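Across the two complexes that follow, chain A remains constant while its partner is chain B and subsequently chain C.
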Partner chain A sequence: MSKIVRFCADMLYPAIVIFGLYVIMHGHITPGGGFQGGAVVATAAALIIVAYSYEEIQGMLSKFLLQIQESAGLVMFAGVALIAIGLGTTFFYNYLANSGLLFGMSVPFGPNPGELNTGGFLPLMNIAVGIEVWGGLAIVILYLLSGIPKEGT
Partner chain B sequence: MIADVIVSNLPAFLVAVPLLAAFLCPLVGRISPNIRAAWVFAAMALTAAIAYCLAYLVYTGGTVIYVFGATAADLSIPLDSGGIPIRIMFTVDPMSALMEIIAVTVGLGVIIYSLSSDERRSGLENYYTIFLLLISAVLGMVSTGDIFNFFVFLEISSLATAGLVAYRVEKGLAVEAGLKYLMVSTIAGIFFLFAIGILYGQYNALNMAIIAERIQWTPLDKIALVLIVASLAAKCGSVPMHFWTPDAYMMAPAAVTAMLVVASQASLYGLFRFVFTVYGVSLNYVTMGWVVIILGILSMVVGVTMAIPQKDIKRLMAYHAVSQTGYMLLGVGVGLAVLGDQFLLNSYGYTAMEGGIFHIMNHALYKGLLFLTAGAIIYRIGTGDLNRMGGLGHKMKFTMVFFIIGALAIAGIPPFNGFASKFLIYESVYQFNPILAVIAMVVSILTLASFVKVFHAVFMGPPREEHAQVREVPLPMLGAMAFLAILVIVSGLFPGIFVTNLIEPAVHALTDQAGYMTIVLGGG
Partner chain C sequence: MIELIGHVLVLIGLVVSAVLVFWFKDLLAAALAAGLFSFLISLEFYILQAPDVAISQAAIGAGLTTAIFIIGIRATGRYEEGGS
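On to the complex of A and B.
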């Protein structure tokens, strides 16, 4: 693509990633969540693959890292749920809610702008799903677009 | 202390262990292929051990419930919920436990076989990830007591199956089969979701027990039942929605095909679970019973008549799988048709259902065995075309013996297990309606004829020149086939032990709708 497109893609890339991370992080208090945020981040990968070419971005997006990310997200999801069994409750018991620890604040009563530090392990689950979808969707896009020939050839 | 924690959380581990093993599989596979093989085998063996322990608990101590996200595993109704179970719940009754035993037993044999037969293929880390996902989806489907959770596991199994069917690309033919399967199962899944929406909209609940308690048999419930039966019958490959089975079973690797038999039986389990436990006697059981019987008869006849002219060994066996599914539908359908009449149920209804449910177990064993032998033949000669086989009995003696065992079992010849379950179906269905029993016997004879043809085409005759290099398959593949063959023989020689200890409690759990509700909702 032309230099203008590449420059715009470069400019947009961090903005898209940050917006996606925001959606992941605020999944438990605003619309969206891990899957939606992860999909937004993965579109950033799609943007630079389109703006550059498959060969050029190989150094930027490593399939191996994305694969690790995919597995790590899923393992984190199951692992966070498994910890509950270790605490003497059942699989997926929300042991962080109202505990005063990380994300452990009680939800304030009445109209409020939304407190990030609530939700127990739901934000952790959102983060895990976000990591997984980011990695998984980026790999899918990478494989789908790997067939596009380099410009001028 | 730790043992108590493990025992009380067995239903969660049943799904969590294969799931976690599947997610870690791509990373473990990076170290070395041998470690990956050990990892996959260990995960499957652990899952099997968990399922056997859980089944033992269920058969000795009654139905086990497991509530996800509660402070205690048996706290089905939270104190502040107003008396309804709001959490996702696993309800493992003897019927579920039986399906789990079948799934992990076949799964264990299949994994051993697959580790040897597929070891030289590429992309194995993804293959085993999807394989373990399929196993965990099947176990989830048969354990869950929540209709939306059932849908989630149904979708996992659809996607995993489509991926596995398309795994060997085979110039796009396998991809086409996978796509066909994905189309059918997605449409079925959407219908199923629509039915869930109808039930949820009316009864404000997703738990099977609470819906069973509240169900009214309104016109909307009838629509929901039609959608559920149609979608699950499509997923289990019953005629007239069977057209995905020949393609998918033929193009998938043999180990996957054997697992697909179990996966489609999990859909069959879902069909029975919905009809008996969620709807129960509130539905018009005579009509519904006849619908299931007609689906069964159609599957039996169409399946076997389509199987006879086939020229590909796995495609032929796939049509036989459709035909055998008909026996299960027939047996359980007869039980359903007399569900409200305790006298008829005692005189032949329970026997018919025992036959149908026993046939699920037997079918998984001998059909798994047959697909594995077909896979062994294809592994050595590289084609499934019956016209290009012949004389293999000289080179592959053990495979031939296993094939004979499987073929005689599927044709219902004593002393193999197919005879045991088919005999239960014949004698009970004869009392219900003699014509149905006659059809079932004719189908059985046609099955025998078809397998005599296959046996002759594959193993008999002089050795052919192009097969000069053919040898017996590696030891793990033979071991996996021997494992299933021994189970076929044991359950054929001593069917009484299996029927009394495994099948009867399952059948009574399936028909005992009030008992199911009492265990979940309490207050019995």
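On to the complex of A and C.
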């Protein structure tokens, strides 16, 4: 692609990543969540992939690291749910809600703008799904790009 | 009233962009028109008060699908051949 496209992609990349991480992190109090935020972050990766050729983005996105990231998201999702069995309750029991620990605050009474430190393990689940969707959608686009012959760029 | 005007404008834009996808012979322009269609339909979802679906549609439809089309155009030819 041309130099203008590459410059705009470089400028937009951190902004899109930060917006996607915001959507993931506020998934339990605003519209959006793990899947939507992960798709937004994967769009930033797709922007870089469209603007550059496969040889130029070797140092930025690698297939191996994205595979590790996708698997880590799935392991984190299942692991957070399995900890509940270790605590002597049922699978997917929300053991962090109202506990006073991480994300364990009680929801304040009445109309309020939304408190980030609530929700029990739902924010952890959103983060796990976000990491998994980010890696999964980015690796689909990266494999598509790696199939292009070199003179086609 | 202003809401109704915005609604009608979005619907007209949807029809126009869908016709443009069919009409362009330059496939890159057709892919970008399809991205415009997805963006307008996500705006329509937001007007109909489904912001969750609107975020999904804007990210998947307008972002990733257009990227897949552009990568496909890079690997093959840019202009439509054959037919009339």
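Points to keep in mind about this one:
Basically, the second predicted complex is superposed on the first by the 146 of 153 C-alpha atoms of A that agree within 3 Å, B and C clash if a C-alpha of one lies under 4 Å from a C-alpha of the other, contacts with A are read in each partner's own complex, and residues count from 1 in each chain.
Just so we're on the same page, a residue touches a chain if its C-beta (ideal position, glycine included) is under 8 Å from a C-beta of that chain, and two chains touch if they have at least 3 such contacts.
Because the structure is a prediction, the values reported are computed rather than measured.
By the touch criterion stated above, A:71 is placed in contact with chain B alone, chain C being left untouched.
Of the two partner chains placed by superposition, A:143 touches none, neither chain B nor chain C. Applying the stated contact rule after C-alpha superposition, one finds that A:47 touches chain C and leaves chain B untouched. Shared-chain residue A:35: touches chain C; no touch with chain B. By the touch criterion stated above, A:7 is placed in contact with neither chain B nor chain C.
By the touch criterion stated above, chain A contacts chain B in their complex at residues 67-68, 70-71, 74-75, 78-79, 81-82, 84-85, 88-94.
Of all the residues in chain B, the ones that touch chain A in their complex are 5, 9, 12, 16, 19-20, 23-24, 26-27, 66-73. The touching residues of chain A, when paired with chain C in their complex, are 23, 31-33, 35-36, 39-40, 42-43, 46-47, 49-50, 137, 141, 144-145, 147-149, 152-153. If you check the complex, the residues on chain C that touch chain A are 51-52, 55-56, 59-60, 63-64, 67-68, 70-72, 74-75.
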